[in-house]
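The following blocks contain the structures, represented as structure tokens.
Here subunit A shows up in two complexes: once beside subunit B, once beside subunit C.
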Partner chain A sequence: MVLALVRRRPKQLAIAALIVVLAIVPFLGNAYYTSVLIIIGINAMVAVGLCLLMGYTGQVSLGHAAFYGLGAYISAVLSRTYHVNPWLAMLAAVVATTAFAFAVGFPIFRLRGNYLAMATLGLGIILWILFREVDSITGGPSGLSGVPYLSIAGFNFSSDFRFYYLVWGFCIAIMVISESIVASRMGRAMRAVHGSESAAQSLGVNAAVVKVKVLALSAAYAAVAGSLFTYYLTFVSPQPFDFLFSVQLVVMAVVGGLASIWGAVFGAGAIRVLSEVLHPFGELDVVVFGLLLMVVMILTPQGLVRGIADLWHRFVSVRLAPTR
Partner chain B sequence: MILKVDHVSVAYGKLRAVWDVSLSVDSGEIVTLIGANGAGKTSLLNSISGLIPARKGAVYLGEQNIVGQKAHRLAKLGVGYVTEGRGIFSSLSVLDNLSLGAYSRHNGWTTLLGDVSWFMRRKDIRDRVDYVYGLFPRLAQRQRQKAGSLSGGEQQMLAIGRCLMASPKVMLLDEPSLGLAPNVVMEIFGLLKRLRAEGMAILLVEQDAAASLRIADRGYVIEMGRIVFEGTASYLINQDKVKQAYLGQVWRGDHQTPAQEEAES
Partner chain C sequence: MDDILRIEGLTKAFGGVVAVRELDLDIQECQVTAIIGPNGAGKTTLFNLIAGVFPPTRGRIIFQGRDLKGMPDYRRAGMGIGRTFQDVRLFGNMSVLENVMVGLHLKGKSGMLDAAFHWPGARREEENVRLTAINTLNLVGLGRKADMKAGELTFGQQKLVAVARAVAPQPRLIMLDEPAAGSNALERMEISDLVKRIVEMKITVLLVEHDMRFVMGTAQRVVVLDGGVRIADGTPGQVQSDKRVIAAYLGEPEARA
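Presenting the complex of A and B:
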């Protein structure tokens, strides 16, 4: 019976297993695992948004760290400097970042392909420079410390244990929302824009609006993630929002298999774990990253998740084939 | 007239693609536009469907001047366009492709948690899909398959079926016979005749002049962006210049004229 379940519902089973494992990890008592998984959850939210934008809608963004950073800074500045309630600050950060994405989306999506990549790259760099240089608001290169913790009615999300569940709660909510969007009319429109913009338009899809909406949604996800990141560290500085992080986000989405929500989460996990493992290599970890990305793209161009799923299917069909 | 193109010009920069073209299509009529490569056929269709703007002139859909409107608006108003090379979404299933065809029929109240009017929309899509499957039973068998795995003929059927999902007032077809076996072309043209009988207005752009003149009621010949001949299909078939330039060796006079074929069927 178990085998039948494995054969028929591998995806659902894998998801259930993942949730169970995620729920158990903090109880292992290993603070390091918990903290790494918190960062993975935060990165995964951004990667899921990027996956909607790149994988489903086919629009490149090399500047997503900008939205992530904008969310982080708005939350930090409002809650620390202006003593706004951290939740309200987070809400404001999400609304403002989404509005910002709408505003830049219309001009930026007049561009396509390489030019779009360059423009988003430029956007990322401009915001990163602003984070560093507008000292009076952002605290410059040394950043802002003393950002308050998130709390609900006196319950502080100050320990890793508590924050872990908060982050993964948000992350799973984002994944569920994204899955339902992908399966909806909007999701079909997104994939149509990816396939052929002119064909999509002659079917009645307003491609420009679809692209901007998806950008805004992914910016909102990034702002949620950025805010949580700030409240987790109770500190914000420009360094995590640089160009390299934008590239890393793209790598996460690609490694996970661009058109897969769960893949993006898996990709975020794989890349984060990898960079922890590669820590001893110091500066050379970038080289190893590049090599790994090449190997993944050559061996499993559909991404790691699909590659593993294919292997699994082969295994299941050989070993678990029903006997006649 | 359902579709009336009135002195339309199209240009890319300084390069003139379509020059002062007028034509019309009525419901229950197949009108063909024939011409060589680069004569401006696709440019004209692109501008009628709103994908590229017309420099001059007007396009009437019914009474309404639709020139200058964007493609996605025109799809809502009833202009169906089957692009050259079919434009199907190969990574999507046949059913998803068809569902996208009905996109313009509905309003997009998408919330974060899904669609508000999901139920009504789903029923409407199912009704339209059933209609299309009635026309192309082969698509029904393959509805869960990726569209990219279909044969060329099936992809063309899918492209036409997807266009019909929106129940357009006029259909623009760009070279539906391209790269298809003759019997498949006959099947698709047979369907166009059936749609004509149902009252559809069809503008059929073709390089295969012999085949398209055989099913068309009227035709226009376009050369270097200008209409050089127009008239009923039987008139065009008998024009010496048309014979020489477009019917060539294939046309030996032993084919049936459209009128004869009509009488037989």
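Presenting the complex of A and C:
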């Protein structure tokens, strides 16, 4: 019975299972787990956007931390320095970051392959330097503290317990929206551009516009995540938005199998857990991420999630073969 | 009959190689015109010029009375110019049905936000597109493969999906680059029938093909290119007996099958 359900509706079941597990975790009373899962949820939003761009549309970005950081800084500066309502500041951050992605997208996507990788890398580094150097606005390397909490009608998202549900609410919304887009006319155009740009164009798909739109969407996701991150910490500094984080995001998407939204969320979780485990060893985590990236690309180019899913499918179909 | 396509003094040079040279060509509506010629004659380059993949070095392309100068390839698709590729170029990771649905991209309007928020209009549009795609797959005889991954089909089937993908939006002109290459005799007959059915849909067909028997049985008119220049033009019968053609092409040590 249960296995039959698993076979027929794996996705719906997975969503339900995820929601149930996520809903329960904070009640376990382990503050550490809750805080790690908050960060995972925030990273997952960025990873899902990168997965749409890299996995579905086939365009690499080595600078996605820039959009994440831009969202965080705009929210922090507006709400802290200019006393704008934090939700409005977040909305402004998302709009501005999306507009920024549109603006850089058209020139950047004139490039392909390695050149595109270099340009996005450069973008990430430039913004990171701006975050550090424009002291008067960003507070420089030491950042800005005293960013306000988010609140709704007097209800403050000031505890981890509350913030946890806020973050995962956003994250699941982003996942559901992304799944719908991928299955839609737009999603087909994205995958077509990935498959063969020339064929897609011959059918009326304007590849440049598709790429820029996906970049803008992923930038919007990153800005939501960055804003939530800064309201969670009530603090912002350049360090979380450095090149290493851009690379980590790519590793998350790759571990998740690139063209899988679920995979990206799983990847975000796996990488975060791994870096928590490696924390005592300091800089060693960089080496491990590099190795992980290589191993996954070589052994299961479709990602760990797909690899595990294949095993699972084999198991289920063997077990249920007679009922078919 | 009217000319759907007029080509005037068309020239394309790649560095020193002149792939198409001072070509004048009028294509009549609703018939099958075959472009033949030896390897490197400039046939695919001609298709790429008409489709707008790259600009000509010189000359004009006038489609339905309109000069296409400067118009990018994706806009030419919207004008009713469809094509297939010599090397197929299916979207291998997408289902057969989805490949054809991409062909209907311009028949839909829904964007990212429609999809994200499940507008009812977008859903209706999606259903229509799906139905048209299934009908087109039935036309090429692959309705039963709709849910397979395009990359898992045989080469011959992939070529048919590519035709379905280009035919689905009902273009005014379709260019088929070697649709029967790599197919067996039976498949070639099916493809020839398919081409005739496409013309019945009031779609003008331009096709490149090396197999002479296929060309003779399918096209009303045959244009022969050699070195980017037109060396013969006429009915299949006329062209077949043209001395220059025999020298340039048919006389090649056993023309490619």
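The rule is short, and it goes like this: the second predicted complex is superposed on the first by the 321 of 324 C-alpha atoms of A that agree within 3 Å, B and C clash if a C-alpha of one lies under 4 Å from a C-alpha of the other, contacts with A are read in each partner's own complex, and residues count from 1 in each chain.
Following the convention adopted for this analysis, a contact is a pair of C-beta atoms (placed from the backbone, for glycine too) under 8 Å apart; a residue touches a chain by one contact, two chains touch by 3 or more.
Predicted, not measured: the structure shown is a model, and the values here were computed from it.
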Subunit A as common anchor, with subunit B and subunit C clashing or fitting: clash
Partner chain in contact with A:204 - subunit B first, subunit C second, else both or neither: both
Contacts of A:253 with subunit B and subunit C, given as first, second, both or neither: neither
Partner chain(s) touched by A:195 [first = subunit B, second = subunit C, both, neither]: both
Interface residues of subunit A shared between complexes with subunit B and subunit C: 177, 180-181, 184-186, 188-189, 191-192, 195-196, 198-207, 259
Subunit B to subunit A touching residues, read off their complex: 49-51, 70-72, 74-76, 79-81, 83, 87-92, 96, 99-101, 103-104, 106, 108, 110, 112-115, 118, 121, 162, 166
For the subunit C and subunit A complex, residues of the former touching the latter: 51, 53, 72-75, 77-78, 82-83, 85, 89-94, 98, 101-103, 105-106, 108, 110-112, 114-116, 118, 122, 125-126, 129, 165-166, 169
In the complex with subunit B, residue positions of subunit A that touch it: 177, 180-181, 184-186, 188-189, 191-192, 195-196, 198-207, 259
Subunit A residues touching subunit C - in the complex, by the definition given at the top: 177, 180-181, 183-189, 191-192, 194-196, 198-207, 213, 217, 259
